[in-house]
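Take this structure first; my questions come after.
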Amino acid sequence: MDLTWSDEQEMLADAAAAFVRRECPPERVRAIEASDGGHDQPLWDAMAELGWCGLALPVEHGGSGRGVLEVTVLAEQLGRGAVPSPLLDSTALAALPIAWAGSDAQRARLLPALAAGRSIGTLAVLEPGMTDAWGDVSVPGGTRISGQKLLVPWAHVADVLLVASSSGLYLLEAARTAWDSVSHDAFAGEPLFAVTLLDACTEPLGSPERPAGPETTHRVLDTAAVVRLAYAVGAAEACLDLAVRHASQRVQFGRPIGTFQAVAHRCVDMRVEIDACRYLAFQAAWSLEREDRAAPLEVTAALTYARGALRRVFLDAHQVHGASGFSTESDLHLFTRRLTEFEITFASSRRHPDLLATAMGLS
Amino acid sequence: MDLTWSDEQEMLADAAAAFVRRECPPERVRAIEASDGGHDQPLWDAMAELGWCGLALPVEHGGSGRGVLEVTVLAEQLGRGAVPSPLLDSTALAALPIAWAGSDAQRARLLPALAAGRSIGTLAVLEPGMTDAWGDVSVPGGTRISGQKLLVPWAHVADVLLVASSSGLYLLEAARTAWDSVSHDAFAGEPLFAVTLLDACTEPLGSPERPAGPETTHRVLDTAAVVRLAYAVGAAEACLDLAVRHASQRVQFGRPIGTFQAVAHRCVDMRVEIDACRYLAFQAAWSLEREDRAAPLEVTAALTYARGALRRVFLDAHQVHGASGFSTESDLHLFTRRLTEFEITFASSRRHPDLLATAMGLS
Amino acid sequence: MDFAVDPADARFRDDLRALLDGTLPDWWRGMFVDDPRAIPFTREFCRALAAREWLTLAWPAEHGGAGASAWTQAVLREEMWAAEEPRGPQYMNLNYIGPLLMRYGTPTQRARFLPPMARGEVIWCQGFSEPDAGSDLASLRTRARLVEDHFLVDGTKIWTSYADAPADWCLLLARSELAADRHDGISVFLVDMTTPGISVRPIDTMAGPHEFNEVTFESVAVPRDCLLGEAGRGWELVAAGLTFERVGIARYARAARVLEHLVTHANESGQSRDPRVRARLAELRASCEAARLLAYRAVSLQARGVVPTVEASIARIHATRLEQEVGHAGLELLGPLGLLRSGDPVAPLAGEVQRHFVRNIPTTVAAGTLEIQKNIVARRGLGLPRET
Amino acid sequence: MDFAVDPADARFRDDLRALLDGTLPDWWRGMFVDDPRAIPFTREFCRALAAREWLTLAWPAEHGGAGASAWTQAVLREEMWAAEEPRGPQYMNLNYIGPLLMRYGTPTQRARFLPPMARGEVIWCQGFSEPDAGSDLASLRTRARLVEDHFLVDGTKIWTSYADAPADWCLLLARSELAADRHDGISVFLVDMTTPGISVRPIDTMAGPHEFNEVTFESVAVPRDCLLGEAGRGWELVAAGLTFERVGIARYARAARVLEHLVTHANESGQSRDPRVRARLAELRASCEAARLLAYRAVSLQARGVVPTVEASIARIHATRLEQEVGHAGLELLGPLGLLRSGDPVAPLAGEVQRHFVRNIPTTVAAGTLEIQKNIVARRGLGLPRET
């Protein structure tokens, strides 16, 4: 047992932190978000160059063979800069499931490009009326798929699209078939799309006889949730940084507001909640990586805890900031939006507490 | 609409407050609690003398004909002094149900003595394994009743005992039959007893053909809960008084701790929650009195809200007091115990939020 | 103590709802939604209210109002706020700028400024906060120097809503003299927003554009007769104004309305059968009840001629928490699709919950931060000692 | 980063549980339960631990300890606290009084005081707080005047647990010199509780009798060689001691144990099928996990030789809230019968939840109030400015 980072993890985190500070400061985040499509190719190329697209992919397909834990280490640093990038989704929602459940041919065909950052992947799950990403999807599977999927991240730049159907995961490649992506009007941290599939050409992920089923989808969503939690933890840390800076600099009634206990203790509450979420995320990632039998319990514990905790963090940050935090001239909103997106999409599922209840022995 | 007290209510509250200050200061509360049986006959006689036992009972049976709202006005003042007395239970758990549902003979026989304070009544509901006072009881009714009832308040001094049975409310009179009361070891504000009935002589409340059924029991419990809520509001107000006094007098780091925002804002949070509970209690009492169709909704709203709110109040009071609040040398514990008892017995029922959900239109 | 609703007030509520049902366009989503139709609609709506004598319902007859009871006013404020305040910027005229003029204005000022407000024809904004003076308003730096027959105003105001509506007039706070106590020497001015030297810069917010503005005053000439009240005694006006304002918004009514829509959604999506959903929505309903009663306590005092300073703060502290909680519970109920805003065709409840959530992120900051409200209650309500 | 449990630690945990299962009497309910068997049992239990070399597990070999790793120590502390601390008062010897002696004691003091602790034969109490010096410890008034070869101590200490166990010795904080900085001039003394002039007055609490005491010192002669560390530098020892203490109690382990019993109760009473109950217990379980990890973060630093001052405070802030929440959720689960205490034959879960609830009403107060812990994190952890 050791909750400190290994030298390798430390180096990865330091490198990522330095990269984010240098290449993606808040001005750049704003510029990317304001741009058409919200995707920055030079930034993507730079991250691909560092090998981050293939961080957790098998060495034989061009990856570095590291695990989910390393992805969360990276994710935390990206979140700290609110970096808008398909990197984490491409890894967790597409590349990893292909590595886990793809046929040898699919792995050989798709993973090298995903690992090198020459292609981008994503996953379509949600449908109209669904209130839980882990819920039952109704789009029928098959070699031709039609239906509507919502809140698909980065669908407009994806080369590979996994689709959760009622009969398992299916694979679409932009090179072979087309899909229609309409940008959502969302209060979110990343570009989200409504994807309409009309008789789209697909193949099952894995072999046609044994296509990847809902258990793979759940594993994908669990992994993505934990990676996204780490990203949210980074964003929460940035909220705390901004709050502490504001509290130290802003003078009211003749002294910095950080000297008021009510303000200082709010910052401490943030510190406690962020640290709690952080170690829950790392523990869950560690177990997922090992396919440990405790993994589902630890994922659900992390998400169950994070739901209220991260919301309290951003609300506290806004309270410390006063009106200025609500203005988009402050950087705070960059992080608030990401935390909200995480909370709503991944952490608010009522499935997790219920699973955790079962895991802890409630009959 | 007017949320201020009428002159009459104001007079009642003032008289009660003055009586409590004079006749039942904390030293007397301690003495009564430490005494055998925990019942103070002179205090009871003095309150009976003031007409409080019959406050809400019909004029024709010796009462003052006022309503449930007046009982809550009185209850708040008694709670403020943590007055240990069977007065409220005798009124809400026994006298009022007899007035509502008793036969003419029962009313004529029992109410005058209850109204004058010559006799004391109580109600036995809970049984082993029950987790909700409003739940299903299993002791069978009949002219002879056997079974165990728990947490019966003041059973050792009661002359009239109502028993909730699976077939309705039954009436026992100490003058005609005996029951066995064993004092509980409880963290509570009032004496509670395990009552064992062995072939006890009873009669149905109301006529033998139409005995008072569960709807009466529910109405009784709703009324008692609201009256007890008002008593708890008074106790909470006393917690706030003690906290404000402590915060103003206790000097640490060279100044009164009440000047620390973290302490002052805790007191404000208490103020807000107490006021919220207070008006919810009065509104529910007002509707109960009128048998208004909004009454069930308002009772459930009051109890649903009070559950967490009053707990936060006493925890905040303890936090402001530091270690001294945990010592029984402080008066705080007198009020904490009463608030805890109210919360556990009346406010923690999962029935209320569910009823409220139905009342607000959830299908 | 009487919890019965006056039948006349109940009828008035029905009448108001009928007007709202007949008047509010489908696209109405309140202010700050980047819809150019919003401000013109609020002007039209105010004129419609004025035609029924409901605009200045709360004003005394001597100032052209209907002199309605505190309770009738409460009905109006609940229905307006529940409908996302279709009076737009003008609610400020009615709730506290007008009343301040009545109390502190000269006969000439009242005759000049009140009638256009009563007709629903004028938009006022409020210039209080400054970049370095937020909750510590008394540290404001905007200066007004008396030069012959006018004041010359220099300074910057921030978080000024509606300045780019555009506002016609501004209720401006500025320091007109140096004084030993920093609460002295502050004055209130009535400033024509078309005066040369005023520039308005919109500040975008998370809720959308146009919510806030920064307003800069460079040697702005304000005629001497546009000083409101006594020079140097402006702090007293501010305190009175804040009390008027705190009771002026029925925040709980909006929360209750959103909650009604959540009930509908829970029923339609089948989630109403989940005991967790039922319990959560019930808790919020109970909290709405509490918020309403805390507001009514303040109204009860008003109706008896008492200024409910502490009681209004208590109601406000409670209601802001409620508003945030309804937003969060709503998003949890809607699930991931709750991210979608009004502009998205598949947004559940047309994005209403999302809008309510975002708008209430800073709800505890507006009109005196939560901390300041708590300080008021701590000192004036509880008698706790003041920090030295 | 490695979340795997060392197999040796897992075996140690099994061994400890076997010992506890075989040793803890049925009636054991922790300290302060007004049971005369409690203190003698803790002495017996400590001797049993000593016989296995588990009592001074955490101490370095040079002081007769087992020099166990920080992680093995964590296992011990979890199992002890989960079992309501059967070491009784002596956990303090092991966790911080002994370590303070090792660090600041003279060779003679170490030789005199450590061996009886290691054998489990001595009870110490701590004389820190005073009626007017609680969270503001530096304002203490107890005086120690050097008269020839001993100090004469006068003053009153309060909230002194175990003084009436009776304690054999007291770790006493007193002002030995007047100094400009009020943190200077404080010294730590090792006081024989049988010295004439010491009187102990028990203070009853909501949890029962004997939890606290007031200890009065009237001209109590303390030999000069019973001064610990340098005269006037006691504040440094207190700070070190508080850090030892904060990581010394695995509060979350007790909360987790109570939660296990709640799960059993929910299953047996059929409440486990209610989604609200499931969700609430799951939230608490997640919070237990978080508490354990926050504690383990501090242990990880200890294992690397770092003193985790801020991290220990963070873990403590989190765990105290958790403990209270488990108590409240437990009472809600049990319903009205949850009011019943251990002494009642029909008390659900033998009154364990009730006991946990009451004991944790002041949990945020002990060992530095929550406010003080938060100040530590605010200044040292976040670098926020200090109040002037």
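Here are some notes:
A, B, C and D label the chains in the order they appear, each numbered from 1.
Throughout what follows, a residue touches a chain if its C-beta (ideal position, glycine included) is under 8 Å from a C-beta of that chain, and two chains touch if they have at least 3 such contacts.
Just so you know, these numbers come straight off a predicted model, no measurement behind them.
Greatest centre-to-centre distance from subunit C is found for D, with centres as Cα means. Simply put, of A-C and A-D, more C-beta pairs touch at A-D. Centre-to-centre spacing of subunit B and subunit C amounts to 41 Å, using the average Cα coordinate of each chain. One simple way to say how far apart two chains are is to compare their mean CA positions; for subunit A and subunit B this gives 52 Å. Annotation for subunit B: residues 260-262, 265, 350 touch two or more other chains. Contact of a single residue of subunit D with at least two other chains is seen at positions 274-276, 279, 371, 374. Note for the complex: subunit C touches subunit A at residues 129, 132-136, 139, 158-159, 203-207, 212, 269, 271, 274, 276, 324, 328, 331-344, 346-347, 351, 354, 357-358, 361-362, 364-366, 369-371, 374. Listing the residues of subunit D that touch subunit C in their complex gives 274-276, 279.
Remark: subunit B residues 1-6, 9, 69, 240, 244, 247-248, 255-256, 258-259, 261, 264-265, 267-268, 271-272, 275-277, 279-280, 282-283, 286-287, 298, 300-302, 304-305, 350, 352-354, 356-358, 360-363 touch subunit C in the complex.
Partner subunit A is touched in their complex by these residues of subunit D: 1-6, 9, 71, 259-260, 263, 266-267, 272-273, 275, 277-279, 281-283, 285-287, 289-291, 293-294, 296-297, 299-301, 303-304, 314, 317-318, 371, 374-375, 377-378, 381-388. Of all residues in subunit B, those touching subunit D in their complex are 126, 128-133, 150-151, 184-188, 192, 194, 251-253, 260, 262-263, 307, 311, 314-315, 318-319, 322-323, 325-329, 333, 336-337, 340-341, 343-345, 348-350.
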